[in-house]
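The two complexes that follow have subunit A in common; it is paired with subunit B in the first and with subunit C in the second.
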Partner chain A sequence: MAQVSIRDLEKAYGVTKVMHGVSFDVADGEFVALVGPSGCGKSTLLRMIAGLEDISSGTVSIAGRVVNEVEPKERDIAMVFQNYALYPHMTVRENMGFSLKLRGGAKADIAKSVGVAAEVLGLTPYLERMPKQLSGGQRQRVAMGRAIVRQPAVFLFDEPLSNLDAALRVQMRAEIRALHERLGSTSIFVTHDQVEAMTMADRIVVMRAGRLEQAGAPLDLYDHPENAFVAGFIGSPAMNLLLGQAGGGQVKLSDALTLPLESAASGAVLYGIRPEHLELVPIGTSGSITATANVVESTGTAMFVGCNSGELTVHALFSDRPQIKRGDAIGLRPKPGLSHLFSAETQQRIG
Partner chain B sequence: MLAFLLPTLLGLILGTFGSIFATIGISLTDWDLLTPAIPAGISNYTDLPADRLFMKSLVNTLAFSALYVPLTIVVSLAVAMGMNRKLWGIGAFRVAYFLPTVSSPTAVGLLWTWIYAEDHGTLNAIITAMGGNPVSWLGPKMALYSVVAVNVWGAIGGGMIIFLAGLQAIPRDYYEVAKLDGATAWQRLRYVTLPALAPSIFFQAVLTTINAFQAFDYIYILTRIGNGNSTMPTLVFSIYRTGFRFFRMGDAAAQAVVLTAIIFVMTAVYFHLQKRWGEPA
Partner chain C sequence: MTRTTKRFLNNAALSLGAAVLLLWSLGPIYWSLVASLTPPNALISDNLHLWPLAPTWAHYAKLFGATSTSQGNEVQSVWPQFSKALANSIITALAATLVTVAIAAVGAWAFVRLKFPGRDALFIAVVATLAVPGFTVLIPLYRLMIAAGLIDTYTGVTLIYVSAFLPLALWLMRSVYQAMPLSLEEAAWIDGASKFYTLLRIVLPLAGPGLVACAILTFLSAWGQFMIPLVFSPSLATKPLTVLIPEFVTRNYVDYGLMNAAGIVAILPPILLVLFLNRFLVQGLMAGASK
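Let's turn to the complex of A and B:
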């Protein structure tokens, strides 16, 4: 069990700097998700914690010890890779026991540890199989089993679910989370899927282009994004971010559209409203947007409507089933108290 | 369609299959190329054990193969591992190791006869300069090892290409997992690299064995003597000499069939071994 502490971490390849001073802490036993778009540096950061990438400057500490110069095997960590990295010439049992074997563990001890891990993961019937005889989900479990038998202080997951189909992903999400609770270990989970991050993590660290954008509990990020990037990245479908001019208690989004504002801000702003925070009102209701629906997608549990109001594109999500067809004109009103306001210039939250 | 394929197909059928059947046919006759062939049954085969040149060649070829095959595999694998890194100018090194493979064995063989020459050869010049006694590199005691050395040198490039391709196909993740698990360099080789390379190693073993039994050019250039004989005859040399020097085509054909059979059996053994141990990923 250990706490992980990242301080001013930087990474450069030659003169190209790809990480610009990232700092955050992971408490003992906490499940933290590192999330961000492709190329944001989240995997690099994880590999720096694991010791697979050099650290250009800053420190990584595990359990209070700076590990910058510590060999990966001495860091008391285990990593689960995106494509599992199971040795194809070894059985499931051999794959899971490999790290113990390298450490010179007694055969009986290895068998016992592997047996326990296999039991936890439901892999007991598959121990003598080769990886290629397993399904994607089973391979994923073996990769986790291999990490578990080492009883590391910290688990690192590098996009472990991205090779699975949608249904299996939802199932494995719950399994990994349950395993985390059961082992009580510290986990750092890298994903580009904000739904995975929202559903699994105690805390989310959002990264972009080698910088930390915001760290916090999933619902804090959803309710109070600190900047326009986090606002757009967290939540699905993404928040509507509309450019406008604020002033005098209202925001002017286009010549024909002005909405009331609860903030006294003025100047160029990004007005943010989540699709699920728009309600359907009769056309012409004060403070509403009149728009034409041009995309209507219904999943049964929710209805997604993409519409245009003049030059503006607005998305709305309804949990009931309003009678809307493509081409219909509808009225949309932001629910009071749920809009966000960001400075158009700095992208930072201003209300 | 068929009309376009016909020239190639005809060449293939006559050239490849035709010559195989012709060889088997000739091996059942006594024929000197000039007078009509006389049916001889299997006497050419039953006479082989009494043929001194053939038996000597068989022993030489087996001894040569026993050294050449494992050495070629080990050395070219080691070279491939050395070449499998991202260094500035690594391409030039790879070319350097590959050059012997694409050079003419006859020309390069002549160079080696200078290196190995007893009186004023390069190798002995170095040895005597350092105070040692000159070695008879191509004499009866050393010839086998000298010849193996040249052949291995000539085969490194081909093996290196196969192994380099195999090494580069091993996912980097395997090594990273091993590193996290605490594997030493030796353990990474033993548990990650070699198992992943098993298919390449088997393939290369089959190829090298076939080459070993067919070895001729370097060995002939290095060990030929004035009268057209060789101090270290091999099977292919024996076939050539029996057929085209002694004009005993039936005997030569029988030797060729036996050589083919040996290669066939060896290949079958490798395939069997691969099924048992070398289960590819």
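Let's turn to the complex of A and C:
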């Protein structure tokens, strides 16, 4: 087991710089999710940790040892690939035992380790099958089995759930997390799905365009996003971010709409309020937004309402099934103490 | 026109096209077979038959047999020459195939997966040699082979074949490797395999159909070569069937029957090889690698 340290990591392809000094730590036994939109460099970062991608500058350390120049196989890591990368001409047993065989393990030991891993993953009946005879979820498990069978110090997951259907994804999410608890290993999990990151990780590292935007516990990121990007990326449906002019304890969002502000900030700001932090109030209530509902979607557990207030678009989420129909005028009031304020210029949190 | 008649006409047109193609490719072979079974005097008669009136194994007997008689004269057996040339054909074609496939299997992988300066330029240069007509390099090549003492040797002929057929094989294998997911190799590296071991145990088994296609192409090309051995294989030491069979034309007699019998026999090894290798051209071997 090991901690992983990333220091000032940079990556350039020729003159094109794609990563601009990323630093963070993963504690021993921690489950960290790397999350961000596609092209943000999260997969590249993972591949640099794995040793599949050269490091332009900065260091990657695993268990206190700088591994920049260490071959992937010497890093004591295992990786689960997005497309699973199972060896198609080998049985499940051979796939899972391949790494042990390469290390010259005794046949009996390999069979035992594979047997244990297969038992954990429920793959015992499929050990003699070829990958093509398995379903997507089973292949996913084989890929995991191949990783756990040799008990590496660090597990790397590169969007392993993105090829599964929705129901299976939720199930595998729990399974991977349970496996992590059981093995107590250090895990780094790359995903573009913030729900996966929120539900699985001890800590989330949000990246954008080769930069680290914020790292922290899932609920910290949700409650205290440090900038407008994280605010908009974490949480579903996404936070309302409204451009406005702050001053004198108020924020003016449009000519007709001014909301009270708990902050003394002034100037151009982004006013953020999560859809679930808007409450339904009678039209005209002070400090409320009057809006017309034009999208009403109910999932049973929650009701999502998209509405317009003049030029502004505001999304709200209710869990108590209010009687709202398309075209209704409604009053929405931000719950006190739950709004966020970001500088419109720097996008950084100011209150 | 109803759908049924339309479909019938479509099918009829398709069948007709297939029939023309079949006739085009199998017709000469059939004619060769008929000629090899027709008695010598019937071969030069005015009215030819689609199937000989009195089929005879005489030409084959002459080919495989000891001495024979032709027009009343005793003729030396051609079997020693024929068998030597058959062996030469098989040896040079097999050697060229093995060397070409082995180099293409490793070289094409390097062209796809290894990063070195001038990689793509080098590859284009290699493939561009396909555009150079063989006969333009014949004379310089001949001088080169004399200097190297490789005229009329298996090594010499094999080297020329490899240089001629390798670019196509490299090209083919390169596209096979390009279609293969890199993550398979990366998974093997992380599992602890060296790059060469990965090539051997992961990449090559999956590239099987491509390798077989390369082998078939190269073998057939080498088997059918005429001009190269005509120049570089002057004696029976390395002379293949393609050069020997036309020599059955003598000053005052063309032994069509014997030539065709030899031709029919010469068709057999490539057919057997293709049938044998065809079993390895299994499709869908890659299924299940990913997703």
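Odds and ends about this structure:
Note that the second predicted complex is superposed on the first by the 351 of 351 C-alpha atoms of A that agree within 3 Å, B and C clash if a C-alpha of one lies under 4 Å from a C-alpha of the other, contacts with A are read in each partner's own complex, and residues count from 1 in each chain.
The rule we apply is simple: a contact is a pair of C-beta atoms (placed from the backbone, for glycine too) under 8 Å apart; a residue touches a chain by one contact, two chains touch by 3 or more.
Not measured: the values here are computed from a predicted model.
Aligning the two structures on subunit A places subunit B and subunit C in a clash. By the touch criterion defined above, A:V251 lies against neither subunit B nor subunit C after alignment on the C-alpha atoms of chain A.
Shared-chain residue A:N163: touches subunit C; no touch with subunit B.
In the superposition on chain A, A:A316 contacts neither subunit B nor subunit C. Look at A:A117: by the touch rule set out above, it reaches neither subunit B nor subunit C. One of subunit B and subunit C touches more residues of subunit A, and that partner is C. Looking at the shared chain after the overlay, A:L134 reaches subunit C, while subunit B stays out of its contact range. Residue contacts after overlaying the shared chain place A:I148 against neither subunit B nor subunit C. Residue overlap on subunit A between its contacts with subunit B in one complex and with subunit C in the other: 50-52, 71-73, 77-79, 81, 83, 85, 87-89, 98-99, 102-103, 130, 132, 146. Residues of subunit A that touch subunit C in their complex: 50-52, 71-73, 77-79, 81-89, 98-99, 102-103, 130-134, 136, 139, 146, 163. If you check the complex, the residues on subunit A that touch subunit B are 50-52, 71-73, 77-79, 81, 83, 85, 87-90, 98-99, 102-103, 130, 132, 146, 150.
Note for the complex: subunit C touches subunit A at residues 181, 183-184, 186-193, 197, 202, 205-206, 284-291.
The touching residues of subunit B, counted against subunit A in their complex, run 171, 173-174, 176-183, 187, 191-192, 195-196, 198, 279, 281.
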